[in-house]
């Protein structure tokens, strides 16, 4: 469901291109859906690192003037939504430090599960943290490491952390990309002539006309410097746990990740949903834009014609002034408006990708009912979300997830629909081609692939207490 | 075709609501698709007019602080794309003046065909124009009029102008709405409790939870003041000439104008297009977002499944920094990206609403071809555009309209498609319910419903020269 | 007294220099003391006028980027403090219009006494005013004039206005400077190589290294175009009425106006003040910076040593946040601080140029007393101000001028000084070399050199009512 | 000489006032002359520290909105000119960190002479520095200290540093002020009702109407918390070395520091200068504003009348656009303009406080000569500067100090004056009441009161190399 999930982060890096900052800007632009809160780029001109980051969309943060101040043939960039650490400029990334051995920038997509424990320890020994991000822990571990090579220090540091991470490092001389052994988040490798590119999703390569080479593997470390590209596997291998929600909601439909095209998977979820939960409806209506791909599959499978019954306002900004004399369902109306002439007197099947808190779904269904729908059948292209995520998605606490404490029938009554059908976990597994256990379904099942540390930071303990 | 048409303008007005500026802000927000260049609101607190306007989107121009400085129970607002007059703050609207009889604000959607002639005359008698907008001509005519009532002065002034206009006037005491006798542009009347509302489209009423009352008629003048609402028909009646392109492209699909819901009409154009030009294709792909509604109708009629083969980047800002080492089809890629895995090896029918210059279409087709399409069948849900518009749409000069000088087959070759099919003018007329000649089809036929003045301003003459 | 007088305006113009806008920027910079509210420059590149103006100091309004957008070999500029017309961007100057015969920019220093009357008349005939400035009246008179030459139209227009004006006009082809027949405000002519320069004061020439040629005479019109410089005297001559307050307070001490160096005159006022009102004091303290020049003369004449007993804060900005728990004499303290160790136990003679409302003087004297002064003798280097100015200085209404309703002894008691001495009108006249009646002393005597029109605009009537 | 000395820093702190941030804002305002590059305030509301700092003047950095976001009864503030560490936001102060034991803010006036050495050591052990300021070294030393009390940790840290420092610390619970044992920089203590205040100079107390209590002693640590004020002397005492240049140039004339009023000392320097170097001159001209106080003393002693022969432009901003066709002595003209009518044909004695590089002096003398001076006698109220400062003043490297390599006669020729007289070191000592060796004269004598460490950071080594 649009706007109910906290989005997370996107990464982009270039090594060996005369316009590396410009390309990174474009790459971040294509990854904007992964984080709209802040954006940043660090470039290296072999001598120094140059950095700029600010709150806002990529197109707001970077102007031609700013990009000119980011010279050099290597750059890494980051778009962010607050996963861990409060919303604040100092928590934006890439995070740059100058320590004993020179400058180092880091960009992180994911979430460390033992960051608070490590931080307490580091601070006890006198380390001073600049931000509240778990990412900074990695930097301090690197600074305290005594290995000679940067890569070795990074490996030493990462062996102490647990959780989900795709990381991009930039020093004056090299760019290093690392994906955690579970491979929670996607990370892909590309080429444009002599330049190497790394990105969270392939759609970033398409925009700049680069070639997609391959995915970076779980547990792989890629070092790119003037000697070319070198690949290492420094960690003990574990079975992969790709985040299935990247397929369901996060990634862009035109991206290729985890071995599949996202649109194809998402459409198939709709087809499977149609098989599991057909509806007695005159028309299928997608919830724009998150329900579009699944609605197409659903319509195809059920032979119910899809119509654009909800129109989306494309100009929604981040702040909005609401009149004091409050308008019914205002928050939803500012984004969506039903086509009354189309809906009136019809039975409608409304297709969306997921339900989190259900408050928005309830408002939408009431709005559709007011537009004259005779019957409303809600169809969700993923199973009920019962558990929070600790691997890089900013889900609400468990108590706020409606499916953690309510039956499907209770949710159906709450959102005022006539019928409600969720995709089954088995159906989901079938669609993503699950025959080898390579995905993480913890948010649907509670089966977390990583054991949590005995002592956790307060913030996370709070999340766990309720279980 | 998105972005090839200059959009025009949107109007919104409120009389008799304690939060009139806030409601106007929301109304403009819903009308943002009609003009993204500038936005403005003028409010009246019975004593004075308060004004704020600036370049930018509604959400950028208006903050809570700005809205607080617009007190009073009546307000009019305007969003603008440059129809006539260069892009500049002083050409943004509403346009406010203080003349001998008090303050007066005016907001205009449309284009006057004899504005230059009138302006030359007024300047010769010593009038000083602040802007290059044709709208200002109306203000000077009002200022020179000696009638006693504001309404009478407006009528006297409007009897001298020709062309397309929906106008909203606001004085300290009253709000006046006028629609030209041909009714080129839509204008609708609404109510929210005791307040009267006027808007370009009904979607503005939906957002604020107001009731749609009726359309304001061609040639009608509506005066709203403390005595309530009064309707007049001060002009000699002519047969109406509604702009059919509002149905094809401009208006929002969820709006109701010219007696119909826009989505319904647009979907029907797709059905008719399917009847006239079926295709040997595996999938139907809409050009987002302008081709969506017609693609649904086309898919329904031809039984070819519609798929989302082109993904739109929703974060496109107004400025964009392109790398020096230019990327192929960059301008299109920043907005659209094909889903390669879906398109590869398929025959695709690409549905769009119109072709203007064809340069963008050509880039899109090349991009789809590169993504692996076997065959490309372009289907356009309107007839070829052969003539420029002089009634409020910022079309290019005739020489830039590809269909004015090229056959359909030549266009097909230029945009590199395998086949190209346009909706017929007869098909279009059938879909919009044309049995009484109430629409303007001049851009397809050259049959302009207004005679142009013998002496025109230079800018317009230039446009006409080439016929 | 610093800050009690509304400052007025400054003019600068260049004809025939490749960097005309840059020079104008520098000229305005040197004239910043004449107006800190807004600044503007209009340049001509022979084809078009280019304009930029904004609220703020010259150094804030103009950046290198802005100056680059003002091309051409001729420019006029203006700094402004609100003389007539509210404080607002649209009231900033130069004021530019495009009327029937092309573009025209105007910059004005002074105040027209019959502007309201003319404006009412023009509006009755349909002229629409963009601003509330009296200057705009001149533009409308020019626009309605039917003479062929710009100069003739300007003369025709100016023959209808009364009051004080130094004017700079800029069209695409020429720059015209006019000084009113009374010569209220200063206006000087300079040369830099082939370029002609016009400025309010000579200090503007010094900054750019230009030569001061001569003053422009009362009633003189200077036309500068590609044929060179031409001088005309189109008005009926009257005896001059130079504003004596330019000598007392407004002009910069290093300027040469009305045939004299300002510092020299101001110092002489101090000498004369010492003759008329010696004091039993240990030290002379100037009120920085307005009392400096006179204090030097006063100390010289009385042989009392001058000391810097009041220190000025040079970083005073325009807005200031005062704590809620208000501090005694806060408004004065933010600008001035006494040197306690110097003042303690002394008899001090405090020298200032004038007293307007006396509220600031009262605060200063209390502050000096608190610093430990035994006796305070206030000495003012001009006579008591009893009447408002209508010729370009923004004095308060008569009721607010303390000397209009209070005796010198009453003022002495109010400001809490031990003795108070004003320079006599005769003494003032002697110092400025008055043997030919060429100065205006109306603010001291009420003898206005221009008859006011029988019917005045409301704003001015209000000022006059109280007499 | 104005603008040739890098100014340094100013401190202000409040403990126990409901409007602590507002008072700090005002205090910094009064100390603006000590640093115009950046300003910052950190407040404590007992629970958290709140911080705001930015580049710019105090009045530009702090608005009412910003101050509202700095709640609490304690605040410390800082104005800065770059002493050490490049000009950059991250080098502005107060510097705030959150480390293992809570939040801590620090504001520093001075310069540490062994900071680079300590920093190298800390980084080798894994500390990560956020800035290039020497101040941050102190924070890291505190973070690594294992004492229980904050005060003890500060003492432990400061025992490792050498150089000049006045420090203000703010934690959630207490404010701590420390002055280094040499007492290089001034630091004063004040009261306002129940609140304690600390400032660099007393002029900050005057503005807010607070009482000056006493100076904080060299080597004293003052701890202010809810138990009141406690004073400690934790360092081994050394003989004091007050910076004599605070008297000569830095401090505001109305301040009281090192036991004296600054204006009084400065005036006395002028008297002594008159005794040592009288001149055959008609008038004495101060270089505004740095030479004012001494010029008064000089004129008094020599009986030569002081006149304001150089006028200062009070609106000089930080950036200035110079025309391409460069103007002679432009840089000086933008600040100063001679009064030609006054100077012409005269012998003038120009009084200033010091000469650093002499390039500005040369331009001024040429300008005065061009204005018509017959003879120019330059008189400087301090001895020749031959050595750089390492205790908090940003002097140029030794090679740029003209007096380090040129005789007085050579300087006289360079600046084109007829005679040049410097105050003698003995004269200076007599004026500041030197009978107990309590001042630092190193910049005149090279007698640095602190031994420099054997290994220094590169930046400083560079400065020392040339000796």
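Things to note:
Residue numbering begins at 1 within each chain, and the chains themselves are lettered A, B, C and D in the order written.
As a convention for this text, a contact is a pair of C-beta atoms (placed from the backbone, for glycine too) under 8 Å apart; a residue touches a chain by one contact, two chains touch by 3 or more.
Everything numeric in this text was worked out from a predicted model, so none of it was measured.
When you average the Cα atoms of each chain and compare centres, the chain farthest from chain B turns out to be D.
Between chain C and chain D the centroid-to-centroid distance comes to 37 Å (mean Cα coordinates, whole Å). In whole angstrom, the spacing between the mean C-alpha positions of chain A and chain D is 51. Note on chain placement: the centre of chain B and the centre of chain D lie 63 Å apart, centres being C-alpha means. Residue positions of chain B touching 2 or more other chains: none.
Shown are all chain pairs that touch, namely A-B, A-D, B-C, C-D.
Chain C makes touch with chain B in their complex at residues 97-100, 120, 123-130, 139-140, 143-145. Of all the residues in chain C, the ones that touch chain D in their complex are 18-19, 22-23, 25-26, 29-30, 32-33, 36, 57-60, 62-64, 67, 203, 206-209, 252-254, 256, 261, 263-264, 267, 289, 292-293, 296, 300, 305-308, 311, 313-317, 319-325, 327-328, 330, 333-334, 337-342.
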